[in-house]
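For reference, the structure I am asking about is given below.
Here the chain labels run A, B, C and D in written order, and each chain numbers its own residues starting at 1.
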């Protein structure tokens, strides 16, 4: 039995060691908090946030071909795509597209199933509302894409 | 106190007379309680502060995951498993994917397996860090919680960069992984390994030798190896009782046989040993990550998987070593696109069963310590 | 009137002793306000210091660096709905927080912030303090009982058991300090120039330290230190602070005895708890850390004889230098305020906060300037050192809370009865022996 | 969000979806469809055991030959209905009457000291409606085995909580979810669902949207929990 453990015990070394750690971290440089609305968090490129429907940037037409694959892939069945066949071009055209974000779990299966580049999960994560109705996004809202919140007093 | 006897609550619970000829005190711990880690409700029968018996009431977070699985295709059910053990979502996903792959008789390509190993081990560290923080908080040390969460944040950042989500990652797909590693992934992981090593030393400085911590955890909630096996307890709790058993070694999956690591074990099976084992497991996980990230092979990340998955009729049970213990998936296929039955063998649920045995005869404060040391996640207990 | 004031200021006794009821009342009000102020500052300081130890920022939104947070909290607590459980024992439930606050503040009657800065100086001051402060547990028991709920009841039971156990060790430590006042400072480290008579008076205890030229923490080293250590441990246990915060152990008993309390009543409990912390700290300061005395209190005159310091030719200078300390501390605080204001992120939303912080720094600096003025400088010395010591104690409280886990109930009892109590007895015996040793030696010589 | 009030008509489709989507989902096989498909393969693994499986591709259960199985066959005869290996996993199908003895022997003599899981599968179209499955593991042998037995709807299973304590909660869960009673269980009551709940959710005749509306009304004071 060496003397060191006894001395450690008598002089509370174990307790003082802990105190040293907490004291050290008081340095302002160690602060880890992000002051959220002032400091914007760095969002990863692949972040799965609020869904968006992409449009062709040149013509402004939707890229959606109304194939309904996203609606089929969605585990929560929260996408509803309505389409009708254009008599001229003989192609299906999307007439309405609704997505209930309140039930969405951002798994990304719809995006993976999308055969064009239309449906996408954007990097927008600020989407709080006072009513659940607002979470049901229609085509217009989805095509408008993220609307980053601007904080004012 | 007279009013609660009137309601018949004591009779209902089966309260008995203690030796001092007084009524047992029935304490309802939870479902809203700071340290039952969610919505666990423990009915404690007390004699003063001494615990005479416990009864767990669970199911407050029951979402019927197994029923949902029967109504979703194999692919569609994948995100749901993340919601069971939400602090180790990656492990859940790995187990499910391996189970379905077993049914489909395919195997993920090596690169995918390596990515899976890296992420799963990162997630194991994250899970253990969260456990350490909350467990220390239960025992009264506030600060480790913040240090562990700060370091866990680095893991979550890697997850976010890799698959776009931080907690419920949905990062693996049946047959491999969906995402290729991002640019700088190896660098990030290597940095993390270098960064977190000294930090673990700091947790240890705060706790391991601290006399209060040692007194609070030594010989608290002792569970011997035999009892562990009888109660089906797995994971670090089992290993702390001296049983050297880890599914990653016993029945390797996802190329774990290629990595060199040790199985830390304890001796007494008390709360302190479980703490030591988990800390050692973080170190071993770092070792595995280090090996994996530096030898990650090139190649495809997805096996050839049919677009519409219809596993042949049959059933399979596949289990992995999740941070909490053995996480198993028993999947019955009827040949259709949807599983006929998915049974999840949740480690937390089974481990929680040992609570009664562990706390009988100890004090109220020990109940809190033992609930913490079991490392339960109520999302997984209730599913 | 002015004569009356100046006449008092030049008096050498406390208003209570002088029978000056008006001044006693003024002192009571000042102490009530001052202690409440300390509690408010402590509230902010605890949240900030704790946050920084935990790599957080703490309150940042209400005022610059959250300086207005305690006020916002107070407004919130005062305007909160007053909830009383329907099954509660209403009169007792109502009375418990009032009792706790009342007791916590009545202790301050005898706390000497300076040689004359106390409401009164009782000849049994320390006894009064110990006695009254241990009545605080009654409020906690009342709260626990009246809530008619299991968690509070258990918290109250723990609290009463804990307080009773630690009273004993605390009392022994205090007795050893009281014994020291009566010892001429003989023994191995014997110092001092005169025969001090033993006293229980708070002011008398500090004066004894002044006369013996040693803080009792250093007397008979390490006996005084050990006694202080016992008291410091027992003091944390008495005030239910980490690592002995079992009665309100959040992770076990939700909030312990005040689980059912909210709003104003809860805030009264908090006020009482923090006031009690200040009170026991003042006991410790009075008994061991020289009360209102500045560090090295005896290095100022020619008749110096302290074992740790050699004779110094410019003794008057030390006094002079130390007299600048209050202003310096305020200047340092003002500097920090300016420094942080300059470091504030340049953001239009933070303009008001930045300006506020500059203003705060200016106020601190201004007060510091006032403290530089010679008459104020001399007058404020005693109070400053006392408050400064209290602040150190408060920081210690926070630091312990941030670092250590919580003891279990039986271990707490074990520490109290099996460790602190024997140690306290030993310290008492050793103190007595060391004090008496010259006589004993003489007697032994005579025998031989 | 400016448009949160405008498209009132847009709110309709997702709102009514839970009820309306079922037929849509039935395009890909949904519970009714798969239940209807059941007669095609009524006694799945048992019928699939013969070498001509319904699916041409994929692995088939192979007979499992080992000393242990031979022992069991010798001892229990035709009580061991089947012993096979499927995708590298061994399982035995055992008569309900002898399953307790089989499990006892597995625990005592064969070293299967760890009961991993107890669970059940419901086949409503079958005569013996339930597959009751015990997943066992042996630490000394590092080996897994599944023991299955077939149960009629109102038949009770033997409780193995006296053999492995861990079966206590697992059996309670099976009781909760399937309504299978366990004889000799110390405390057989619901575990995940509340005590007064009607119905056993993991049975196939319990649709996914069903709930005990009466219970919800009484205990939660709301019309529906959905």
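To be clear about the criterion, a contact is a pair of C-beta atoms (placed from the backbone, for glycine too) under 8 Å apart; a residue touches a chain by one contact, two chains touch by 3 or more.
Computed from a prediction, not measured in an experiment: that's the story for all the values here.
Undergrad: Suppose every chain is reduced to the average of its Cα atoms; which one is closest to the average of all protein Cα atoms?
TA: Ranked by how close its C-alpha centre lies to the overall one, first comes B.
Undergrad: Look at the interfaces A-C and A-B and say which one is made up of more C-beta pairs in contact.
TA: A-B
Undergrad: So, what's the distance in Å between the C-alpha centres of subunit D and subunit A?
TA: Subunit A and subunit D have C-alpha centres separated by 36 Å.
Undergrad: Go ahead and note the Å separation of the Cα centroids belonging to subunit A and subunit C.
TA: Computed value for the inter-centroid distance: 50 Å.
Undergrad: Need the CA-centroid distance for the pair subunit B / subunit D, whole Å please.
TA: 24
Undergrad: Could you say which residues in subunit B touch two or more other chains, in rising order?
TA: 143, 146-147, 150, 206-207, 210, 212
Undergrad: At which residue positions does subunit D touch at least two other chains?
TA: 25, 28
Undergrad: What are the residue numbers in subunit C that touch two or more other chains?
TA: 53-56, 402-404
Undergrad: Please name which positions on subunit B make contact with subunit C in the complex.
TA: Subunit B reaches subunit C through residues 1, 3, 25-28, 33-35, 48-49, 136-143, 145-147, 150, 206-207, 210, 212-213, 215-216, 363-368.
Undergrad: Residue numbers of subunit B touching subunit D in their complex, please.
TA: By the definition above, subunit B touches subunit D via 58-59, 62, 64, 66-68, 70-71, 73, 102-103, 105, 229-233, 243, 245, 250-251, 311-317, 319, 326, 328, 330, 332, 334-338, 340-341, 343, 345, 349-350, 352-353, 382-383.
Undergrad: Applying the document's contact rule, which stretches of subunit A touch subunit C when the two form their complex?
TA: The touching residues are 15, 18-19, 21-23, 25-26, 28, 30-33, 35, 38, 151-153.
Undergrad: Can you check the complex and tell me which residues of subunit A touch subunit B?
TA: Against subunit B, the touching part of subunit A is residues 8-9, 14-15, 17-18, 20-22, 25, 32, 43-48, 73-75, 105-109, 112, 121.
Undergrad: Touching subunit A in the complex: which residues of subunit B?
TA: It comes out as residues 72, 75-80, 83, 143, 146-147, 150, 153, 157, 160-165, 168, 170, 178-179, 182, 202, 205-207, 209-212.
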